[in-house]
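For reference, chains read A, B, C, D and E in written order, and residue numbers begin at 1 within each chain.
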Amino acid sequence: TSIAYAQGKDVVVFAAASLKNALDDINAAWEKETGKKAVISYAASNALAKQIEAGAPADIFFSADLDWMDYLASKNLIQPQTRLNLLGNSIVLVAPKDSTVQVSVAQGFDLAAVLGQGRLAMGNVDAVPAGKYGKAALEKLGAWNGVKDKVAQAESVRAALLLVSRGEAPLGIVYRTDAASDPNVKIVGEFPQDSHPPIIYPVALLKASAKPDAQAFLTYMRSAKARPFFDKQGFTFINKPVSGS
Amino acid sequence: MIDWLSPQEWMAVHLSLKVALTAMAASLVPGIVVALLLERGRFWGRQALDVIVHLPLVLPPVVVGYFLLLWFGKRGPIGALLNEYFGIVFSFRWTGAALACAIMGFPLLVRAIRLSIEAVDRKLEDAAGTLGANRVWVFLVVTLPLILPGIIAGMVLSFAKAMGEFGATITFVSNIPGETQTLPTAIYTFTQVPGGEGGALRLTVVSIVISVAALWVSEWMARRVRRRFLA
Amino acid sequence: MTLDLDICHRQGSFTLEARIHSEGRLTALFGQSGAGKTTIINAIGGLIRPSQGRIVVNGRVLVDTQSGIFVPKHKRHIGTVFQEGRLFPHLNVRQNLLFGRWFTPRRERVADFSAIVDLLGIGHLLDRNPATLSGGEKQRVAIGRALLTDPQLLLMDEPLASLDEARKSEIYPYIERLRDEGNVPIVLVSHSVTEIARLATSIVILSDGRVTAAGPAEDILRQTNLFPQTGPAETGALIETHVLHHEEAFGLTVLQTRAGTLTVPLLDLAPGAPLRVRLRARDIILSLQPPEGLSALNVLPGKVSSIGEPDGSSVDVMLDCGGDSLVARVTRKSVERLGLRAGLPVHAIIKSIAFDREAVGRAPTEET
Amino acid sequence: MIDWLSPQEWMAVHLSLKVALTAMAASLVPGIVVALLLERGRFWGRQALDVIVHLPLVLPPVVVGYFLLLWFGKRGPIGALLNEYFGIVFSFRWTGAALACAIMGFPLLVRAIRLSIEAVDRKLEDAAGTLGANRVWVFLVVTLPLILPGIIAGMVLSFAKAMGEFGATITFVSNIPGETQTLPTAIYTFTQVPGGEGGALRLTVVSIVISVAALWVSEWMARRVRRRFLA
Amino acid sequence: MTLDLDICHRQGSFTLEARIHSEGRLTALFGQSGAGKTTIINAIGGLIRPSQGRIVVNGRVLVDTQSGIFVPKHKRHIGTVFQEGRLFPHLNVRQNLLFGRWFTPRRERVADFSAIVDLLGIGHLLDRNPATLSGGEKQRVAIGRALLTDPQLLLMDEPLASLDEARKSEIYPYIERLRDEGNVPIVLVSHSVTEIARLATSIVILSDGRVTAAGPAEDILRQTNLFPQTGPAETGALIETHVLHHEEAFGLTVLQTRAGTLTVPLLDLAPGAPLRVRLRARDIILSLQPPEGLSALNVLPGKVSSIGEPDGSSVDVMLDCGGDSLVARVTRKSVERLGLRAGLPVHAIIKSIAFDREAVGRAPTEET
């Protein structure tokens, strides 16, 4: 594979780490079908974006938020016509499985009171997409000021989930996809879709890509064959091209 | 310079220093003990101890942070114990950051001290014994002074590592401004946002300045020790 | 003191199998390089654990492998002067000297710091770092360090090897005082027969890890064949004398021996004081008649008690001078020329000058 | 065991070993040289060199990776130069991972060697000089053998660090299976998805096994060296 | 060889200000502990850089601070035996011995490895590690290491300090051979007057960093007041003699001096061979008449040339025995009793036995 990569035969996908499960499955399915194989590098979206900027030999960028896709677009490094908002997600409020908290997520709800002395686990509110969405939602719902000093900002949404799952934090804001998969947490509230910017996983072919299979793999990912794999991980399948930009 | 950093950044600087110094100080005695055990001890499980000490180096920091959370968290076996009997809480506290840093720097500290212990002339320790010093005294008045170079080097490494440690810290105690947001986590946050390079660079410079100072202090101490041996 | 040592120890291909019983207050270990002297010192000091055997000092069992006794070195109260100094590099000279003090209970601190420092001539070095000392200076500090622990036994491994004669002759009287008054038994390794003859009360001769001879110094030193390695130069007899009177005008002291008087350079001792004198076999000239017009002041009458085996050109002639045994080494040619034979009355001629400072030591006072 | 890991995971193991060994081997000579310069040299800029060597420890690994990307990337000043004149490419190659690991482990390597150099008895070097050895020979036949314990310790640290290095690597050369996906980055990826714990744990165990083996080898070497000095 | 040294060097509070010009093939440095002997050795060997001065060996300028010359130590071809051994701990004995060889061009390799190993008795140690050697064994290996570099100058800092006499007397002839045949000039530090008297052709006496006396060995050794630090025991005269014949039956050799013959223990030298003999002042007895019936075989007639200043009880009496200058040390009392005064004819009586192996050395052959 190493040699294949070096010779530039395989499609190289730079994807946000949270997509690993779904994309690994899709890649396997695609290989079974076509005999071709994508090489997928999972890392944080920002790292991947910077690498692409530095000339990484990637064909496809699959980001966990719009910001880093926009960043590359502004540097003219993607093929704008191929960009599409493929997946959506939603954020939820979680608590440890044995928690007794009662909370209804709504305008003006008093999250701070529910937290008490505890911390609210979130992804980094400036950097990690789930954190950014969570902060926006809390602001919109008027709860941010009450909790902003009680937020434990984790390095990733997975780490935030872990804090709740280990009982370190009584509450946390994570993606539904993550919450659903962890038996140690339960969802105690859902954030309204309009309380935060749409949670979108955009994907695009990169300018530097010259491999014919890249477009094929992108097409496969948006096809109905791929959809079950995304669904299985809890993503909403949007598959909506972005016009212009 | 005051203006150059935001109050929150100043807090991070202050906290980083506190965490790094605490980590360094707290790991010093265990570091010396473990180094002695590994270098001089002949006991069952020595090899295992050696591996355990090295683990923080071998494992990705995030994994270390994960294990810390499992064991030293509020519900972790050790964490719960410490909390119950000594009232020591690590989770979401700067003490947790210090613990993470101490553990990440531990293999470096131990190795440096081990190297110095290995270089100690056992004949001097024997001589001290014939002069009436028992093993503890021999250690305190002969071995310890002789391994000072290693201890200083170990402290430098431990401090420097603590100044840069990020993965284990953020995983274990997350990133709470004023409590657990150290310089590296602050820098990390900057790198995660488009256009954050400026902020990251600024804090990086602060980091470098601090470590220059630390190196300077350590060289000064090392020179003093060396002078005592030779001049 | 009594030193009882019966050990077996292997290191590499070298095996030490030594059995020493010494009642002497200063036991000298003598032997070729590599004979095992340092190994014995190490065993007594507790630096090595003999594979097998017992070490008993003054009735105190330090090592007994059979009953599993091994007193750790810091509990032995044995001061050691190591062959290689072993000063602590991180402490200055003063701290090195006082190191043992920290571990000596206050009431047991007897040794006088400034007296020892003066004796060793290291007063100007006290604030110096060992790394800056010369070879001899290091050695002196090492001696001081061991003395200042107020040891109950002193082990000295060639302590004076690279010191100049002047310094040595200043240190000898101190060692003698320790031996006699301080009641500190000493085990001394030395390659110098002169030194051993002056200081030792017992001598143990080692060769290749085995004891080849041992006993009181007088007996051993008279056995000329025991020192093949030193050349024959150093054999001699030790005789016990006492001060008769002084001839202040000439700077001389007259000693009483059993056979007569000996005149030696002035000694600072009261009349009656006991004294041990070493008469080297090579310093004695034999004469058939009482000699006249000679510069030599000492003439002891006696008779030949026996004539030894010739060794090369020379022969040792044993004399009985009023009960004191002397040895004179003369050539075979002289034996023939003078017709020496057992029973023949002769006169032993000895120059006063032959008694240099090393040859005249304090007689060890009787053991208590 | 073969079944226990997926082919891609085997690849990561294999790659990690290759990267760690390369990083260790490649940094050895520069490490010795820099340690000598820092310990023995009296030149302008010594202090600066000291700081630079320590930077990878002081800075968060992600920042180091970022700087590597900027300088050693295809478009970076050094990277472009190396590519043009020597055909050496780091970006998104396993060589880049090795570079990142080498740099992250460098301060540890240098410190260990420095400690050993400090402990060398200069009088032995002098003696070698009087026996006709010039400075280079003195170094090769006296100093170098005497600092072997430090070199071994430094190599262990460098290797172990390389086995665990993740932040700088993933930032610099990404996480491309078969090319730059090392054990730590593979572990990291597992931690980022639901249900990845099992995979992460499996790879962690592999990591530990490798480092046990490495420690074992190093102890064996150290024992041999020590035996040569004493037995 | 010529050694010209005129240096000034400070270390701490110690200042060395030495000026040495020696033509001798073996220059002995003599002086109290801390006098600066090792410092001079280090300066010649290139281990320290004197703050000021010049060092010239055999016309080769090694150091000249004025013109900025400082030949680095590895280019000096000077073998050094250090006071503290300095064996390489990571090399075994054989490798230590051969260390210098690696850096000696093949055609300059003259020293015979197995001969030196035999001489030093270290054949059984070749595969051993220095850490396992005894003190004397280390010292011997260090000597061997220096000899095997085929040096153009040999510096020896108390090389024999802790060796037994037997070993020493095996090594002495080798050093003499080096000195005379091998054409390797030697600078030797020693505290033993016997050793120096036997080996040295020139002597430099140091005290407190300054040269207090220097010159050919014969001259210096005769000056009795130069050795205050050694005690008076070792003063004596060196006289040049040659072998007359042997008395095999008695194991004796007869030497011709200017004043008569000396009978000494058998020497393995052909008749006619030149020989240097040391007559210690303390070994000489003076007699007014030719003595009779004495075991001493040697009687040299002569006359008192002068009488020295009394030193305590003793006086040095200078004798002229047919042109050879001898010194006899006698008591003041004897001087008075015998009425010794300049010009008085006397007989010097010396025992054959007094010539031990150390006192009879090869006379240094004439300098080429």
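Simple rule for what comes next: a residue touches a chain if its C-beta (ideal position, glycine included) is under 8 Å from a C-beta of that chain, and two chains touch if they have at least 3 such contacts.
What you see is a predicted model; the values in this text were computed from it and never measured.
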In the chain contact graph, what is the shortest path length, in steps, from chain A to chain C? 2
Common touching chains of chain D and chain C: B, E
So which chain is farthest from chain C, going by the mean of the CA atoms in each chain? A
With chain centres defined as C-alpha means, what is the inter-centre distance between chain B and chain D in Å? 20
Distance from the mean Cα position of chain E to that of chain A, given in whole angstrom: 90
With chain centres defined as C-alpha means, what is the inter-centre distance between chain A and chain B in Å? 35
Using mean C-alpha positions as chain centres, tell me how far chain B is from chain C in Å, no decimals. 57
For chain C, give me the residues that contact two or more of the other chains. 84, 132
Which residues of chain D are in contact with two or more other chains? 62, 66, 185, 188, 191
Interface hub residues of chain A, defined as touching at least two other chains: none
Listed by label, touching pairs are A-B, A-D, B-C, B-D, C-E, D-E
Which of the residues in chain D come into contact with chain A in the complex? 11, 62, 65-66, 69-70, 73-76, 91-94, 170-171, 173-181, 185, 188-196
Write out the stretch or stretches of chain A touching chain B in their complex. 44, 46, 49, 67-68, 70-71, 119, 121, 124, 126-128, 151-155, 159-160, 162-163, 166-169
Residues of chain C defined as touching chain B within the complex: 45-47, 72-80, 82, 84, 86, 88-91, 99-100, 102-104, 129, 131-132, 145, 149
Residue ranges of chain A in contact with chain D within the complex: 1-2, 4-6, 12, 14, 17-18, 20-21, 39-43, 47-48, 50-51, 54-57, 156, 158, 177-178, 180-182, 233
Touching chain C in the complex, chain B uses residues 123-124, 126-135, 137-138, 141-142, 145-146, 228-231
